[in-house]
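Consider the two complexes below, in which subunit A is the common component and subunit B and subunit C are the respective partners.
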Partner chain A sequence: MVQQQLSTAPQESPAAHPPPVGSRSVPVLLLKVAVLAVLLSTVVSLTPALVAAERWGFLVFFWVLVVLVVAVYATRRAIPLKYLLPGAVLLLSFVVYPVISTFQVSLTNLGDGTRATREEATAQIIGSSVVQTPDAPRYNLTVGTAGSPTAGPFAFLLVDPASGEASVGTEDGLEPLPGATVTDGFVTAADGYELLTPVEVNDASAALAELTVPTEGGAIRQLGIRQAFEGSTPLVYDEDAETITNTQTGVTYAPELQGDREFYVDPDGQRLSDQSWAADVGFDNYVRAFTDARILSDFVGIFGWTLVFATLSVASTFALGTVLAVVLNDRRVRGQKVYRSVLLLPYAIPSFISLLLWSGFWNTDFGLVNDLTGLGVNWFGGETTAKAAVLITNLWLGFPYMFLVVTGALQAIPEDLKEAAGIDGASGFTGFRTIIFPLLLIPTAPLLVASFAFNFNNFNTIFLLTGGGPFTPDNPTAGGTDLLISYTIRLAFGASGAQFGFASAIAVLLFVITGVVAALQFRLTRRLEDVI
Partner chain B sequence: MTSQELRTGAPVGPGHLAAPGGAGPSAPSTPPAANRMSRGRWWREVGWRHAVGLAAVAFAVFPVLYIVSAAFNPLGSVVSTSLVPRELSLVNFQALFSEPSRPFGRWMLNTLAVCTSVTVIQVTCSALAAYAFSRFRFRGRRGGLLALLLIQMFPQILATIALFLLFTELGTVIPAIGLNTLLGYVLVMCGNAFAQVWLIKGFFDSIPQSLDEAATVDGAGHATIFFRILLPLLQPILAVTGLLAFVGVISEFLIASIFLREAGVRTVAVGLWSVIENDRSNNLGLFAAGALLTAVPVVLLFQYLQRFIVGGITAGGVKG
Partner chain C sequence: MRISLRAAVAAVGIAALTAGCGGGSSAPAETDAAPAEPDAAATTGAPARDDADLVVWTDELKIGAVTEIAEQFGEDNGISVAVQAVTDLQANFVTANAATNGPDVVVGAHDWIGNMVQNGAIDPLQITADQLGQYSEVAVDAVTYDEQLYGLPYGVEALVLYRNTDLVPEAPATLDEAFATGLELKEAGTVESAFNLPVGELGDAYHMQPLYTSLGGYVFGQDPAGGYDPTDLGVGDEASQAAGERIEELGEGGSGVLTRSVSGDNSIALFADGQAPYLLSGPWARADVEAAGFGWDVQAVPGFEGAEPAQPFTGVQAFYVASNGANKAFAQEFVGGAVNTEEAMKTMYDGADIPPSLVSLQESEVAADPQLQAYLDAASAGQPMPSIPQMGSVFEPLGQAYSAIIGGADGAETMVATGETIRTAIS
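And now, the complex of A and B:
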């Protein structure tokens, strides 16, 4: 095909002489201006919201992006950058930055109960202590959102029944809402807010119950679906001393570290509330991973299985793929194309489908594997059988790739060499082992290491097949087939409460291990290059 | 030694891509000598190869048979499904599209929209960057190429927690790209915009520079050379990288399951997983029907592009 293109290119030369368009032509210029205009107007329209929310990081990012784009595309200074910028921005924003950010998160105690900042947590503690007094003012309530009806952020759209005035209450406080339409004492439309239906209000009840609108001497909270009240609280926050004082009892609560979290506690060590907040904990998460005996034994066990899983996955798929490629790649075997098309199937089917299907195959009572073999094994019940099931499934998923790769490599080996090795016929095994196999390894070795790296972090296979199980009753966080990545994800997003900080620390360790694998891959590739 | 060979172990070019399928040894499949072979000798030298091949085919195909059988089985339960279908019916396919709490049609459209946009962005960004790396000499070129290799070895899912926190924050100020939005999910997937740079660069390197030089003499700028002259020659590699990108995104599960929680914004991967999680024993038929509708177009594309794919994956693309 190279030759073909080389020879056709000059023939096509009339087509290769289009009128020069380049960056000087009018349509291209218009396109440039349009793209820049869209970007600029987007960023300009986002700016007020970012300023209001005090998201300075995002604000700086967007304006630097605008400046970069203008500098690169409106001038002729850096031509390569014109081609590199779009992908580079995406790569830096959604891969490189998150990686750095993972390390930052690993130095905190971020997780369930510590998602809020200290200010937010303080406001929430004071807000939730608000009690309703008999003469507390009431408001007619409509719930609105500036975001989505399910995720918020929510706002209370309130009407004072006495004055009929509308106002909007958020975590930041109460503000008048002049543009609102009020019908029968309730807000029925307001600029910038989508109103929630009663059903949606009900669905969002957990979030709404936590929404408190600070007012002078108290806060406004929800009272049923259509009402809110303004209550009072004895708690007062002292900004300078960073303490909360109960004005009725005179007790002062100061932040104190308990475990890996800070709480407001009185001088006797009693917590005011179980609400905590995000705090920096330095390298505590790493220390915990290596000193907590339970976690360390989980980690070491899972790390070992991860290595075994990745190694055996590569070895088994490569072995089967090679055998099939060598056996079928004989000019006397008819129908090679048919074989190849059919054997391609497991590779072509989207893997999540195959994995979900296979997870059913291993069922004890109705699974296809027990049906066909009559073994009656409870595959996912025991650790060893579950591991075997996972490996066999991964063999099915992976051998076609290896078969295709080895077939390609085999066909690139000169015919006379193959004949010299005499691989046709059983007696040729020695020839194969000493001549052909080393030649096969040269182009495929980097792929084997890539495949190892891929399987090392093969979340899908484990999660969709076994979910990491089987679990023992006394250890719900580490399962028998867990890889480091599935273990990490369970720590962060599992049912037992999010531990983002600690999970990030494990993720950082995973980065380091993956980096070692990558370094090995580089070295191996280089050494093989020298062989050629 | 070029740095490209460093990764693939073999130069990647158009010739390489076409090698396995095209004029491979499968063309003259039976040399005349075979006709004169005795039956015993044929078995010893060729026949057993077919036996091995057929065993492999059986291993590869039985799950496919099962899923087809389950999709057309009107009862739809695990107990009533066998390898060979006893009854044929389209009940499962109808049920798939008639239950609003399980909007399969919506999931298909979501997946199609996500995969298409990510593929287009990824292939475009990669092709543009590959052009720069192949044709320009600039400071940081080699460093950039090596950095790309390095970054690609760290799968994005390792940073899932940080991505989740980032998009939770983004969503509070820009709800259109927050969690539970397809746009936000597409952006995350676009973090792999440079995934195909090396593969396409290898292809670029195999196109002679003299072509560019001739065009430059005629007054063409760098953009003209890229869009009018080189891009049309890139079509085979763009098809392969596009397919690999597309299939990679179809099967992406982890980030989708964390980002797309509401039924209306799910992709097929998360949606079908929720179907089978809800009732493993009775929803098999539904799942199989949905899986078939998803897999058939992909498998056909793979078959169509087969001869390119073999070269493409040899050059280092691991399917997700």
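And now, the complex of A and C:
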């Protein structure tokens, strides 16, 4: 909106009426300085955080932006840029950047199971393999330190609840702790040790997780604030060979590619864990989209139906809206306002509610549609009837908008034009077809394009009415009423978990398709504007 | 005048642009420890971690009970706690945890475990064998994954059979009996639906599972350790084909007991209106059934005559320790200690209203509410819902297959095709 306001401004730009130097009022200047100062200080204050996070790209972007903004708005050299810069920056931030980052993700296998790096995944797999030593005591734990409560070194001051004896556990092993005071089963004082409070124990979690006290049955580890348990890790990671070995069974697991991701697998191909890690896969996701026979055939069919759905939705709502608007625009109609208000009702109800109601209306046995018509059709059961039901529902939801728009446009057409047409012999339908309708199209054509774009991606209607169905048992991923958008979402986040990489590839393809469709439509609308 | 207007517009532009660019980087500095209201950000689907010594994420249904336990824990340990209700909890938790911006503890269903483990989002728990023995077996089985315990179970739920005792006074011993009485009532015009089992156009494999298992079908086989084996798929085998044929006979082309007109949207409402003698649903339907104003009873789902017992999927609700939480020690202490008590379990049962998993609490609650026994029996009779990630590829196609079969498709052929579809998806 800012851009639109600005775009009209240059016509009366200072070039035509050069402002005399010093004509600026003081408050305006102050405001300008204040805004620039806020911008500058924001970027300065963000800088340390960006450096710490090593986000160099953002850092460069922000500083270039600041320099540009200051250069453009604090001087009078680049007056056209003053109007172009905000729009250009918004375009970069909210259109170009998301597209680039989506494209980057589409070159990876990112998704459920591959969110971690390989090091993180390996550490997780090893860490999750800890097993308690059977019959080992569960110790009451107090954490002590001979150094500082934040840096350590730490020691576990343990009490065996069965015997009540205190001992101290360090990396060297478990030793008796004779001089300790034990109250209610916990060490409450010990010579040479400072005891940590629960909050200090929590803060030292990372260091304490590293501390294991070797014992015969494994090692004693911290568990929460007050407990320690004895357990062992059967899995060991070999950094040189990059394999994981189970020391109890002797099986070695090596990374192996299965599908688009690597897993640790044993020589028989059995996975150690379902955990994998992120990796670059190049254009594999695009190759998959174009070579998977099922996806390809689904895609073509669904693309066709998406076009049909969007076209028919726009055409039917526009037709009904126009007819009603024209009829009600006749001054001979009594109670125009009442009719108009009633016709706007579907538009006043939130579409979520209407859609849920309509999905009930189409029910075979209990639905309003079959009850009223006596048809007994299983609407959502067959592909054709489901498509018809979706289109009819969308007509109901969409016509009030068109009615509103056309009513407004009709009132902007001068009466004398109609009279002149009538005198020239073009009255009635001919007058409407040759005079009114073309004039009507000029203001409404861009809205029809917008409506088409909206319906092209009308996820709510499909999702809440049919869920994309009906489906056939041999193809659960593509339903009879699926639009590209609902199909893509099912493909990306449906059955087998989130597949961000593949979904991004599809999103990039969709971006290209919608871009082409939009470009074609803008061409067509330009032709409509040539009417006058 | 003209210039000042232009400057103002430019100022708005700059402000919008700085807000747009800087918005993601500014860290909220909340220091409020009181976990009173669900966080505003949580309800928008973009949750932000509260700043506290223990942060728990759960959903709207349980936030009251969880908050009560967490506040007590905070008081006992002198720390601040925050409990947040988060929408789309599992996905948001996994994403936030990967960004080390997630909670310390998360509360949710056990069938998330497989996905959370494959994303490395939760840590195993170290509960002693004695303590574990106090929870019902099916609950412990459900939260055990890859032979490790990942969650502390507080509730168990499975499908049960509700009956309108004004229409059918006697409890049916078999499903065949229930179907027969239901059809009689439908033919007499007393009711609109003989047996309310949600199907809908998209199908519902969860609600069909008791029938499917009674007819000898299974989804995934179990390995010797009790875990589900994704390579052993039962859909498409001979028993499942027989089950498909039987379901076809019950469908719209056969006796008409099962119909696609009954779906998750209207199943409970129709029963509560007195338009169906039976309702296959879970503990969540109890409030509606009680409010309906007719006599009702509840029982574990019986099997078909002379067939296997009906085994619904048992769902378990549990507490998990996040792998990347900022306060792991408090998280372990909270889940392994504070929640792992009869008192906390009672708070969860009172507040979240899901049948308890702690055996001692089950016994004391059944004494006060005999109906509860049927829900507990059903949960014990069921099999834990498979939590392996491959299960995600089962529900949609299997549900659609049931819907097609009930609509008249060939039972055996459809099950074979669906088995192939699932096998392709998980391979």
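The working rule: the second predicted complex is superposed on the first by the 268 of 532 C-alpha atoms of A that agree within 3 Å, B and C clash if a C-alpha of one lies under 4 Å from a C-alpha of the other, contacts with A are read in each partner's own complex, and residues count from 1 in each chain.
Everything below uses one rule, namely that a residue touches a chain if its C-beta (ideal position, glycine included) is under 8 Å from a C-beta of that chain, and two chains touch if they have at least 3 such contacts.
None of the values given here were measured: they were computed from a predicted structure.
Asks: Counting only touches as set out at the top, which of subunit B and subunit C does A:D330 meet: first, second, both, neither?
Replies: First partner only.
Asks: Determine, under the contact definition given at the top, whether A:A155 touches first (subunit B), second (subunit C), both, or neither.
Replies: Touch status of A:A155: no partner.
Asks: Please work out whether A:P198 is in contact with subunit B alone, subunit C alone, both, or neither, and reply first, second, both or neither.
Replies: Touch partner of A:P198: subunit C, not subunit B.
Asks: Using the touch definition from the top, say if A:D112 reaches subunit B (first), subunit C (second), both or neither.
Replies: Touch partner of A:D112: subunit C, not subunit B.
Asks: Looking only at subunit A, is it subunit B or subunit C that touches more of its residues?
Replies: Ranking subunit B and subunit C by residues of subunit A touched puts B first.
Asks: Classify the contacts of A:A190 with the two partner chains as first (subunit B alone), second (subunit C alone), both, or neither.
Replies: Touch partners of A:A190: none, neither subunit B nor subunit C.
Asks: So in the superposed three-chain picture, is A:L177 touching just subunit B, just subunit C, both, or none of them (first/second/both/neither)?
Replies: In the superposed model, A:L177 contacts neither subunit B nor subunit C.
Asks: Applying the document's definition of touch, where does A:Q124 land relative to subunit B and subunit C: first, second, both, or neither?
Replies: second
Asks: Kindly classify A:L368 by the partners it touches after superposition: subunit B alone (first), subunit C alone (second), both, or neither?
Replies: first
Asks: Applying the document's definition of touch, where does A:V281 land relative to subunit B and subunit C: first, second, both, or neither?
Replies: neither
Asks: Identify the overlap between the subunit B-contacting and the subunit C-contacting residues of subunit A.
Replies: In subunit A, positions 2, 5-6, 9, 23-24, 28, 46, 49-50, 58, 82, 86, 90, 93-94, 360, 363, 366 sit in both the subunit B and subunit C interfaces.
Asks: What does subunit A use to touch subunit C in their complex?
Replies: So the residues of subunit A in touch with subunit C come to 2, 5-6, 9, 12, 19, 23-25, 27-28, 31-32, 35-36, 38-39, 42-43, 46, 49-50, 58, 61-62, 65, 69, 73, 82, 85-86, 89-90, 93-94, 112-113, 115-116, 120-121, 124, 127-132, 134, 138, 198-199, 201-202, 205, 208-209, 222-227, 229, 231, 273-276, 359-360, 363-366, 378, 380-381, 466-467, 469-476, 494-498.
Asks: Okay, in this complex, where on subunit C does subunit A touch?
Replies: 2-4, 6-18, 20-22, 25, 53, 77-79, 91, 94-95, 98, 114-115, 117-120, 123-124, 126, 128-129, 146, 148, 192-193, 201-202, 259-261, 263, 265-266, 270, 323, 327-334, 336-337, 388-390, 392-397, 400-401, 404, 407, 409, 414, 417-418, 420-421, 425-426
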